[in-house]
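In the two assemblies presented below, chain A is common to both, partnered first by chain B and then by chain C.
Let's turn to the complex of A and B:
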């Protein structure tokens, strides 16, 4: 088992293009960390640098207290699950799982024990002698997981492992992954672009945008206290309503919050904190999306648009006008550059 | 909506196919038939009369020591050319696949030899290796003390045509191997690296098995090349000599028919070669195409 330390880690390609700059954070032993962000934000590059597939051009990386910048991927005590699983097509499931162990020169008896154990754990026993092409997507995913597990590494790396699966299977495997983490007690570093996956899996989330870390924190921390408008709009479905402070909607909402800071750029409010009240701000209902337990209501305040999460206690109708109210403490304030202004 | 084109006229499809059929009949089927027919006759050198002799031409061939030796020569030649050109091409492809800068120029230069006509390639080697004026022959003598004279030494002559023929085919093999390597998912190699395999082990346990469809295909193509398309190179360098040391089966067909004027025997040799090609093609279609690994 091991912890990870990234100290000013950066990646600049030969052409001078910078993919990741000054990434500094620590991952505790047995922690489940999720790197999340839009595509091209550098999250996969960080994972690949941890794996040793990508050279680290700035800073240093420690795994279990050892600087591993120049250590071969195979000697870093890590295992990785790829997005396309990267199963060896010419080997059976057993061959795939034993490949890493055979490379270490492990005795055959021990290899067999480990594979039997992992196969039972992942319910792969009936498929051990099949080739990957004869397996379904979910089964291939499990084999990729099994290949990582048998090596008993201290750090598991996952590169969007669920993104090639259908929605139902994804939800199921997500739960299995979380369970796996608990049972193995190893450090997990997981990359995804799906904020729901990040929220549901992570102990802590590292959220990135264009090569830089925007914020690090627990899922609830990021949700309630986003450090920037980027985080506010990335986390949550539907995302936080972020309004230009000078716009009509923001000015009307701010009239409900007397102690707002002075140099405002943006005002944010989560859809569930908007309530229907007797007095407050008037808004037009433009669209209603009933989802069962809740209803997403699209609102217009002059030129500005917002989404609120309505409960079952109120019937919304498109075209009608409603009165909005909110608790001032639910408003989030950001400066003109988009950084959070913490409440005084 | 009708998706298939239907010809209303009975003769139109035949008319449209006629050029291809004519080419096949005139240039492939007819000569092949002629060879088959001639192989059963004994003919005088001027072609005035001929006698039907059943399988005499064939039985004569298989009791002829020089023809049986030619079989061995062909086998050694074919296997050596295939092995040499394929292994060199694979090594070059692996190297070129790693090149980051100037990729295109490397690849273009490596493909060049393929554009050299076989007879010209033969002449090139003829000049380089010529015992009295060849630069390579001179260097072999001065640096390694090798007395190079392929006009006298049969082994040296065979070695020379093997190298020349293999050199000519490297480009072709290189292209296929490079394409094969490039179509391989990069993540497989990365997964193997994480699984702790050394670069050499990665190559032999992952890349090489995954290249097997390409390798099998090239194996057949190269054998066919070595057996049949190397005539020009041999003709331009050694003319089958010395003492038939480089006379492979195709060369024998030529020397028996056009030099020795024994048309019956030459035709019989062609028929044997035809059977060989057919056998190899069958192997390729039946065995190789099914051997695809993934």
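Let's turn to the complex of A and C:
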């Protein structure tokens, strides 16, 4: 088992293009860390640098206290699960899982025990002698996980492992992954562009945008106290309403919050904190999306648009006008550059 | 296309059967001719059914050869052809696999230059470079040897290019997974690349074996020793007997014998080839 330390890690390609700049954070032993961000933000690059598939051009990376910048991927005590599974098509499931172990020169009996164990754990026992093409997507993904598990590495790396699966299977495997983490007690580093996956899996989330780390924190921390408008708009579905402070909607909402800081750039409020009240701000309902337990209500305040999450206690109708109210403490304030202004 | 029209079915069958007859008739004539005594073929009409001389003709051909055409037993010539064809085929496959492996998976200075150099040799078949190649082989003392027959024909730009294109379709993740699994370059090549290339190797084996087997000009040039003559040269020498007694029965027999190994290769490899095609769905 091992912890990871990234110290000013950066990646600049030969052409001078910088993919990741000055990534510094620590991952504790047995922690489940999720790197999340839009595509091209550098999250996969960080994962690939941890894996050793991408050369680190700046800073250093430690795994278990050892600087591994120049260590081959196979010798880093890590295992990786790829997005498209990357199973060897000509080998059986057993062959796929044992290949790495055979390359280490592990005795056959030991290999067999490990495979039997992993197969039982992943419910792959009936498929051990099949080739990958005879398996479904979910089974292939399990084999890819099995290939990682049998190596008993101290760090597991996952590169968007669920993106190729359908929604139902994704939810199921997500739960299995969390369970797997609990049972193995290993360090997990997981890359995804799906914020729901990030929220539901992570102990801590590292959220990135254009090569830089925006914020690191627990899922709830990121949700309630986003460090920037980027985080506020990335986390949550629907995301936080972020309004230009000079706009009509923001000005009206701010009238409900007397102690707002000066030099405001943006005001944010989560959809669930908007309530229907007797007094407050008037808004037009433009669109209603009933989802069962909740209803997403699209609102317009003059030119500004917002979304509120309504409960079952109120019936919303498109075209009607409602009165909004909120608790001042639920407002989040950002300066003109988008950084959070901590509550006064 | 599933259509059920009797007339269409009949027509397609007739056309196909005509095509087969058209293609197979010469082979049939050759096969029949090789079972008759020589005189029977000099008369009109040419026989279209088997004669009685099959065993005698083929025994004569395989063990003693035809005196008028040098008297080399065909068994020897076929053996020479086989060595040459196999040498060329296996050599070409091995070399192209390795050079494609180097070009695709290793970053070294002037990599693209080397690739284009290999590619350019496509424009230089043996016939074009025959004099310099002859000179090189002669200086190496390889005239009248299997090495001399095989080595000048062993490099193949086509096969290198084909393997390169195939390797480029193998997903990067597979290479990376192998790296995580501690497979070094040689292991990766042997355990992963080679098994995945099986279909391509089978297809190339067919093409290259026939290419090697049918070589004519080069063996003709560098072998003066009758013991190294190849079967294709043998056919040619029989046709060129000149004003002597017609030996069409032997010539046809030789042609039939020369046809057998390539046909066997196609039959044997085709099964693997088709199996590979069906299986390689990803």
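Basically, the second predicted complex is superposed on the first by the 344 of 344 C-alpha atoms of A that agree within 3 Å, B and C clash if a C-alpha of one lies under 4 Å from a C-alpha of the other, contacts with A are read in each partner's own complex, and residues count from 1 in each chain.
The working rule: a residue touches a chain if its C-beta (ideal position, glycine included) is under 8 Å from a C-beta of that chain, and two chains touch if they have at least 3 such contacts.
A quick note: this is a predicted structure, and the numbers were derived from the prediction, not measured.
Partners chain B and chain C, once the complexes are superposed on chain A, run into each other and clash.
By the touch criterion defined above, A:86 lies against chain B and chain C together after alignment on the C-alpha atoms of chain A. In the superposed model, A:78 makes contact with both chain B and chain C. In the superposed model, A:51 makes contact with both chain B and chain C. Using the contact criterion defined above for the overlaid structures, shared-chain residue A:100 touches chain B and also reaches chain C. Shared interface residues of chain A (contacting chain B in one complex, chain C in the other): 51-53, 72-75, 78-80, 82-84, 86, 88-90, 99-100, 103-104, 133, 147. Residue ranges on chain B touching chain A, taken from their complex, read 100, 185, 187-188, 190-197, 201, 205-206, 209-210, 212, 293-294.
Across the complex, chain A is touched by residues 171, 173-174, 176-183, 187, 191-192, 195-196, 198, 279, 281-282 of chain C.
Of all residues in chain A, those touching chain C in their complex are 51-53, 72-75, 78-80, 82-90, 99-100, 103-104, 133, 147. Residues of chain A that touch chain B in their complex: 14, 51-53, 72-75, 78-80, 82-84, 86, 88-90, 99-100, 103-104, 131, 133, 147, 151.
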